[in-house]
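Below: one structure, written as structure tokens.
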Amino acid sequence: MNKVVQNAAEAIVGITDGMTLMLGGFGLCGIPENSINALVKSGVKNLTCISNNAGVDDFGIGLMLQGQQVKKMISSYVGENAEFERQLLSGELEVELLPQGTLAERCRAAGAGIPAFFTPAGYGTEVAEGKEVREFKGKHYIMEQAFDSDFAIVKAWKGDTDGNLIFKATSRNFNPLMAMAGKITIAEVEELVEPGELDPNFIHTPGIFVNRIFKGVNYEKRIEQTTTR
Amino acid sequence: MLNKEQIAQRIAKELEDGFYVNLGIGIPTLVANYIPTGVSVTLQSENGLLGMGPFPTLENVDADLINAGKQTITTLPGSSFFDSATSFGMIRSGRVDLTVLGAMEVNDEGDIANWKIPGKMVKGMGGAMDLVASAKNIIVAMQHTNRAGDSKLLKELSLPVTGLGCVKKVVSNLGVFEITERGFELKERAPGVSVEEIQQATEGRLVVEGEIPEIVGIWE
Amino acid sequence: MLNKEQIAQRIAKELEDGFYVNLGIGIPTLVANYIPTGVSVTLQSENGLLGMGPFPTLENVDADLINAGKQTITTLPGSSFFDSATSFGMIRSGRVDLTVLGAMEVNDEGDIANWKIPGKMVKGMGGAMDLVASAKNIIVAMQHTNRAGDSKLLKELSLPVTGLGCVKKVVSNLGVFEITERGFELKERAPGVSVEEIQQATEGRLVVEGEIPEIVGIWE
Amino acid sequence: MNKVVQNAAEAIVGITDGMTLMLGGFGLCGIPENSINALVKSGVKNLTCISNNAGVDDFGIGLMLQGQQVKKMISSYVGENAEFERQLLSGELEVELLPQGTLAERCRAAGAGIPAFFTPAGYGTEVAEGKEVREFKGKHYIMEQAFDSDFAIVKAWKGDTDGNLIFKATSRNFNPLMAMAGKITIAEVEELVEPGELDPNFIHTPGIFVNRIFKGVNYEKRIEQTTTR
């Protein structure tokens, strides 16, 4: 079975209006740039996007917001995006804000076949509204459920044609968790190699989780805050 | 009164050898600049790095290596990278010894608000709710009053809460406060700041017992 | 009647190109020897390996590289190692396309018993309960009757259940059975075995419709 | 802070009668041989041991069973040990058998600060007795709780003095999960190196989870079934 597709346009085939997508990355670090650009080009609409952040105005998911392709964002932090704030305040965009660890764990749960779990994060806050609260050993927790997404789109450093992935440094972040969680998982990689070229002991995402893989091109890897010594 | 650097400097005195520490954005980040000599701490960045090093030189900037504030950084010998679930696993399971956070408001029961101003600021909580729900030891670094001069050390929060009963200590520009059942216990005053000034600037229950020393050993 | 190798050979015909497959201990393990040409499958071993290869040569035996049956094995190009939580994450999230298991008993609703004989055998379920609770497609490889000649394809299980309503197909020494709402639907007979013999040996609801062909294309 | 101890005897200081221990390994693969031998020598009694298997009669946890040091085993499979079976049938030993994935996830949950989660494994079986059952999207799940253990003892291939660990091949198994889960985690390693010698991108267990580490000696690495071509 061949998992390799030629480019982002081919990878996103089947993503249609109204679907729920997971998109890897933290800030602009480790985002699937090629796939996002292809989604912008495709014009697909009414998406629900699960992603820790919403990009910046002119990069990353921000580009999809510009095209008003996103109906709802599920994120933990969206502070870097003025268009986002405008659409939110005008009511064009729904947003569900979640604790970052809860966001990560709900991805992981989906990929691990765990429908629900308890976490202390958000107890006593707005986040807990409508959620079951339970005490374990004298501490309060809220029940959170696994995410349900149609596609997960991740960016890796290296991948092989069997779908095995390796991430680099902090661009790993949500990527391996989302890779586990999609009904269909798309991985774009900087280097695509043959099976056997990656050390089996150091694979971050085993190929079983990846359905489509392609070699991305022209990575910009924009930096939000270049801080130097 | 303490400036931001001095608040960070005072908090740095709380660091103990071997601590794993998570520093929030803003003043907390500055704490890393004042780690006492002889004390070895490991900085956790919740986006997936343990053992955060200093900012890189310009030629070593790597877009794939950032901290939770999205700043480019470096690693140190002994560093490790991991995914976000593992990162918050560390946090929730109490492996992080000390968390330093900024806050918009703190009340005298240790509740904290720092993620939302309804109708005005919608940025999100990021990792703050996980941190405050889980960390064993949370120190808040903050200005004592807002721009209008109103106290940010309150009886009751006016803003949406981030976590309940979690803040153990506040270091503000005016002093150092331990939060106990009795409220904000004033432990140290910023140099030149009187107990009366602190009382005036604190809306929540304030406990002043005995002579309150000035903060020493910083801004040398 | 089919011998163990032939049961494995028949089950191997169920494999499709691209399948991720988990093979249990015993007859299921033998399935790996009969993967059809042109079909590429990846074997998952729940102790933490995807892409299980053949047994090693003696000089390549590695104590750190075993399968779930504790046998020394090898890897293949494209293999990956992972921890047990990730391994069962794959299983529970339905990423394994086919699971082949042995069983002590199966009933006509697809319930399976294969982990315990009260007061007699206490070995444990290992990964079987996770597999049967999660796998999309479960085929049981088993002898049709026990040593006393009693049917193991039952109306009701006599032994403690491993999982409910999960078995999709049984390949026994007597034939191939699909489990549907109607019970065990006989699809193929082992060569030389009559429908009557199968009826005799099956205690659970058996559905026989039309001409039942003999199994073909094995033990060449 | 120094995490390095000189040997197993020093590593197990503080393990006392009646405690709950997690022990890594699958079968005899990846078990903390040095620490087990030290526990046998120490004579500590009435232990509850969480370990996927119980060793064989004369190796691994089997040695602790011979010395009647174990009050209760929590495992998924114990079929390789005659002494185990004898003690169990005679009532000397308690055993709690759990699905292997549940065992793994309960370790992981402890290390991830998740007090409880839902899993489909064991629904409708003896394993579900006394446990809460809940339906999510039409499927039944049972609630399982995080393990509570005093010490976790794991075996790694390489480790550094900061406690970072790398496991080899399938000897990884339960080790990284248990390493996350112990109140105090002991790691024995085949090679102990200085910080910086392990690639930060390929650490399996970050050092934050490890409290004590030592270089083990004389690994026997017994094989249960040597199968060859």
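The letters A, B, C and D name the chains in turn, as written, and every chain counts its residues from 1.
As a convention for this text, a residue touches a chain if its C-beta (ideal position, glycine included) is under 8 Å from a C-beta of that chain, and two chains touch if they have at least 3 such contacts.
The shown structure was predicted, so the numbers you read here are calculated from the model rather than taken from an experiment.
Peer 1: Could you tell me which chain lies farthest from chain B when each chain's centre is the average position of its Cα atoms?
Peer 2: Taking each chain's C-alpha mean as its centre, the farthest from chain B is C.
Peer 1: What whole-Å value do you get for the distance between chain A and chain B if each is reduced to the mean of its CA atoms?
Peer 2: 29
Peer 1: With chain centres defined as C-alpha means, what is the inter-centre distance between chain B and chain C in Å?
Peer 2: Here the centre of chain C sits 56 Å away from the centre of chain B.
Peer 1: If you average the CA atoms of chain A and of chain C, how far apart do the two points sit, in angstrom?
Peer 2: Averaging C-alpha atoms per chain gives centres 36 Å apart.
Peer 1: Could you pull out the residues of chain A that touch at least 2 other chains?
Peer 2: Expected reply: 105, 108, 112-114, 119-120, 167-169, 200-201.
Peer 1: Mind pulling the chain C residues that touch 2 or more other chains?
Peer 2: In chain C, 75, 81-82, 85, 88, 91-92, 134 touch at least two other chains.
Peer 1: Name the graph shape formed by the protein chains and their touching pairs; answer line, ring, star, complete or other.
Peer 2: Shape = other; not a path, cycle, star or full graph.
Peer 1: Please list, in label order, each pair of chains that touches.
Peer 2: The list of touching pairs comes to A-B, A-C, A-D, B-D, C-D.
Peer 1: In the complex formed with chain D, which residues of chain C make contact?
Peer 2: It comes out as residues 45-49, 54-58, 61-73, 75, 81-85, 87-88, 91-92, 116, 122-130, 133-134, 160-164.
Peer 1: Spell out the residues on chain A that touch chain C in their complex, using ranges where they run on.
Peer 2: 1, 108, 110-114, 160-162, 164, 180-181, 194-196, 200-201, 203, 206-209
Peer 1: Given the complex with chain D, which residues does chain B contribute to the contact?
Peer 2: Of all residues in chain B, those touching chain D are 17-18, 20, 40, 42, 44, 50-51, 75-82, 85-86, 88-96, 134.
Peer 1: Please output the residues of chain A touching chain B within their complex, sorted ascending.
Peer 2: 26-30, 52, 75-80, 85, 88-89, 95, 97-105, 107-108, 119-127, 157, 167-177, 204, 221-229
Peer 1: Going by the contact rule set out above, which residues of chain D touch chain A in the complex?
Peer 2: It is residues 105, 109, 112-120, 134, 136-137, 139, 141, 145, 166-169, 200-202 of chain D that touch chain A.
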